[in-house]
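Some structures are shown below for you to check.
Presented sequentially are two complexes of chain A, the first with chain B as partner and the second with chain C.
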Partner chain A sequence: MMKRNEGISWATIYIKCIVFLFLLPVGMMLYRSFSGVWPWPSLVSNTWTLKHWIHVFYKNQSTYSAIWTSVQIGVCAIIINLIIGIPAADALARRSFKGKILIEALLFAPIIVPPLIVLTGLHITFIRWNFTEHILGVVLAHLIPTLPYMIRALKVSYEQIGFDMENQAKVLGATTMYRFRYIVFPQILPGIIAGSGLTLLISLSQYIITVLIGGGQIVTIPLLMVPFVSGGDQGIGAVYALIFATVAIGLLFMLDMVLKRYYTKV
Partner chain B sequence: MNWRMDGMIRWQKTKPYLMVLPSVVVVLALFMGGFLQGIKRSFTHAQTNTLTGMYYRKLLGDSEFWESLWLTFRISGLTSLMSGLFAILIMCGLFFMLSSRGEEKAIKYRRLLHIPMLFPYIVAAYVIGLLFQQSGFISRLFYSVGLIDTIQAFPVLINDRFGWGIVMAYVWKTVPFMVLMMFPVLLRVQNGWYQAAQTLGASRLRFFIHVVIPMLERTWLLSVFIIFAFTFSAFEIPYFLGVTYPKTLSVLAHHIYTNGDLSDRPLAMAINAILTSITLCLGYISYRAYNKRSIK
Partner chain C sequence: MGKLDIQNLELSYKQKSTEHHPFRLSVPELHINEGEFFTLLGESGCGKTTLLKTIAGLEAPEGGNILMDGQSVIHIPTEKRGIGMVFQSSLLFPHMNVLKNVCFGLKMAKIPQETAIEWAREALSSVGLEGYENRSPLELSGGQQQRVSMARSIVTRPKVLLMDEPFSSLDSSLRDEMRKLIRRLHQKYKITIVFVTHDIDEAFQISDRIALMDQGKIIQIGTPKELYYDPKSIDVAKFMGPVNRVMGSLENSIFKSQEWLIQMPSQEDAIHKTLIIRPEDISLHNEPCNDSLNNCFSARIVSLDERRGYNHYVVDVQGVLLNVVERTVENSSLRNGDTCYVVIEKRRMLLMSGDVENHA
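Moving on, here comes the complex of A and B:
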């Protein structure tokens, strides 16, 4: 019995060490955002300061507009992804048709082919359509890396449900809209939330797509961070990194709450 | 009545195509459109607008291209191997925990391990710099335990020619992805199996090596391949943590594309075309390997 307990605690310590290793960078960001002058050999900062936070939130008005732009782009991407992704996921999960594997491969290809490869070509196309330097162009470009994840998440949900309930409702005279609203929608809601969360995270973290298609005119949070990544004031960089995490966690938390409230209501 | 049945069947057959149509149109227009546009440009002479293979010939004869290719291979290879190793070590720990402490605790720690996924690549580049710069936290740690005594004694790991900084930033971002992919497999290990093995005298570690690892193998291989293919043509981390020479292929392509000389742009497209072909080959190989193992 003694021996067994010993083994148990070792596993916990081991996992804790690994978790510590992977969360150390996050801790560093938090620490750096509050530390003042911090000369090289000292392990801890000798002064504490709020100046980085003040700089970002009071002296620099572009912070608020960057957060707002990021959220706008993310939400637009979610809406478009849902509208085009729901029927596609339904077809891929529950219906069989010729060429399904090919279509699936096409729709999931952007997962392994990073968007940068197609970005230069897309840039030329967008210049012709006059989509560059406009938020609409950026939203469209963000669909490339996000749509595959949305379809994937929805597909998993659709795979869990058959046609029985819908057919029953059909016999009872429910219209297509009604069947979707009251039968399909509640069952694929977890997929909708997961897909929206992924879309949001991926959209929020895009840097090169936004720069190239937005032509520097559309400023999102990652763009504000650039001057601080290598060189520049590390403390301000830390604040931007934390803003990013806060926006991401906040929005994911809201999505999660929506899901929970929906299910307790039903 | 008959024509109505015919119509119904035809409708049932076309309906799935109509359902995937919007997504297919979007992917074709944005993704394939951009891709084909790039391919077309890479074969078109910038001044005369005639068909030419000169950009590919120019690339293949350029030593910078080959150095970049080698650097890119090395970074992706190291990243996927290190992430794969870390993932196995983590799975081992989580399995020990799962089999002794129950699901809830293991799930709690797995959640914590997902946190790095919330940060974009640009933040990963920033924070790895914060830790591993010559004046960074790790260097201070080394100094305080007496391993180094000057700032120069700490090796250059950020913006270095080998690409260590890039690899570390990638590992930080991709290990959580591997945990995400592999943990569901771990949950499929039934409690009874281990108890049965235990009565036959197997230790927890032996059980992990002989039963759990074979179960994880397929997902592990797929995840490692995805990481390799993705990091092979990803842009942001090498852009921020790399050096001017040699650049990774994606950064080289971006550099050529944005350097202002329009007559060089087809060269960037040619690099992208080569990158895409390698990535697609890797994707195909991993898909085949994954399916082959599922039949077995």
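Moving on, here comes the complex of A and C:
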């Protein structure tokens, strides 16, 4: 019994450390966003101020549009990824065909090949097609780093389910559409949530792809944040970082809620 | 409603286990009557499940036709064939409760919800699961899950209900109960049932007629009695249980093998015949019998295997080993190595053409 108790207490301490490590930067940023003059080498800030928050939310109206643009791009990327990813994952997980390994390698290539390399070629193509400086171009470019994760997550779900349940639904009279809606979808839902979450986070974090394809016209949260973090007013940078985190967590939470509500309705 | 006809059905595919020679299913003709409980019986890999899946439309045949009530269904997709199917595992949809599972087929058939729920409740009560409507399938035992699965298939009133070894994953006491239940349901709903099993006892217990399958072909169709008492080939006889086989020729109603002569009911002379003697048609006696026409031979007991209610003997009759099954007698004195006398029941013997070696 002694040993077991000891084990639990060690685990608790470990978890507390981890939580602390994750919360520390958030706390630091909160602190930084409200601190005014903070001269070197003092350990704490001398004054308190709201000016960073006022700047971000009041003086700079582009904050709101940047949040909205980020959300739009993220959600569009999720939808397109799902449309491409569901059939692709199904094929890779449950069907055998010639050249499967090759196609799988191609689909997962963006994880291995640095996206920047793909991006250079894509940039030239998009210029020809007039896709640059447009939100659609940015959405399409965001698919490159996100789609492999979506397919991976969905593939794992598809590998679990096989064809038995669908055959059972088939003999009960369910057509392809109904089978997907009532049988397949609920079963791959964990994969959809995981893949969508990853897509969202990766899409939100994109800086270089957005700058290059958007040509500075498509402004997302990272585009506003990076200049302040890398040399401007760090207080404002801290506010943007907090916004970034809030948007990401909020969207993930909503995604989870919406999908789970759908799941229970079925 | 529910007559099934199969004509010249052909299907071949590679099985993983036997890749060098592809599996071939060939059914020239099969009629299953309306309301019949029909069983496809055979060892695993004989093609019985493939045949069932072909009827369901889950496998596409290369040639031939399948008719339901005289209408070809070969080009009709599974979901429109109006069949029901119960698989080896219950395959309940884990994200729906019991009632929703049973209602699924009715929902697909666009039956109004209230009617669907009423029917589903009735189906659940007919499998003995009233009050389980709101349970999750994960809370049910294996037997209960399979009951729900049966209710779900029956509630849609399919023309034909296909069952693919539905009880093989249950333990034996439960299996017996389920067999009785499916017989009751069959009588209550008067559905045509095509049942697949490798278990001969199960097939005999529940079926009106049985098709015995081997290597993708149906080798005999008949009632359980016909298959047992009148097998048309050595393979069928072998499948019905352990049998004794003796090779020889027939002359003047006497079967002559290398070792012995056996009296037969009068029949025409023939050569290269195999005599099939069932273990339960041989009796053991302590005393020699008087009548020489009785097929009585002296024998020595080679092994004795005592089982519940029955003793399984192997006896040596002039160099030929015979399996004998006898009811346990309380004061039986026969032991290993004892000398005794065997009497072979004359009328029950079966004569097959061909040598046993070709089939062994």
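Assume the second predicted complex is superposed on the first by the 232 of 266 C-alpha atoms of A that agree within 3 Å, B and C clash if a C-alpha of one lies under 4 Å from a C-alpha of the other, contacts with A are read in each partner's own complex, and residues count from 1 in each chain.
Everything that follows uses one rule, which is that a contact is a pair of C-beta atoms (placed from the backbone, for glycine too) under 8 Å apart; a residue touches a chain by one contact, two chains touch by 3 or more.
Just so you know, these numbers come straight off a predicted model, no measurement behind them.
In the superposed model, A:182 lies in contact with chain C only, and not with chain B. Of the two partner chains, neither chain B nor chain C is touched by A:193. Contacts of A:93 after superposition: neither chain B nor chain C is touched. Residue contacts after overlaying the shared chain place A:71 against neither chain B nor chain C. In the superposition on chain A, A:169 makes contact with chain C only, not with chain B. When the two complexes are overlaid, the chain among chain B and chain C that reaches more residues of chain A is B.
Once chain A of one complex is fitted onto chain A of the other, the partner contacts of A:224 are absent, as it touches neither chain B nor chain C. When the two complexes are laid over each other on chain A, chain A has no residue in contact with both chain B and chain C. Residues 164-165, 167-175, 178, 182-183, 186-187, 263, 266 of chain A are the ones touching chain C in the complex. Taken together, the chain B residues at the contact with chain A in this complex read 13, 15-20, 22-24, 26-28, 30-39, 41, 86, 89-90, 93-94, 96-97, 100-101, 105, 109, 112-113, 115-131, 135, 137, 139-141, 143-144, 151, 158-159, 172, 175-176, 204, 226, 229-230, 233-236, 239-241, 250, 253-254, 257, 265, 268-269, 272, 275-276, 279-280, 282-283.
For chain C in complex with chain A, the touching residues are 56, 58, 77-80, 82-85, 87, 89, 91, 93-96, 104-105, 108-109, 152-153, 156, 162. For chain A in complex with chain B, the touching residues are 4, 7-8, 10-12, 14-16, 18-19, 22-26, 28-29, 32, 40-43, 83-85, 87-88, 90-92, 95-97, 100, 103, 106-107, 109-125, 140-141, 143-144, 147, 151, 201, 204-208, 222, 225-226, 228-230, 234, 237-238, 241, 244-245, 248-249, 252.
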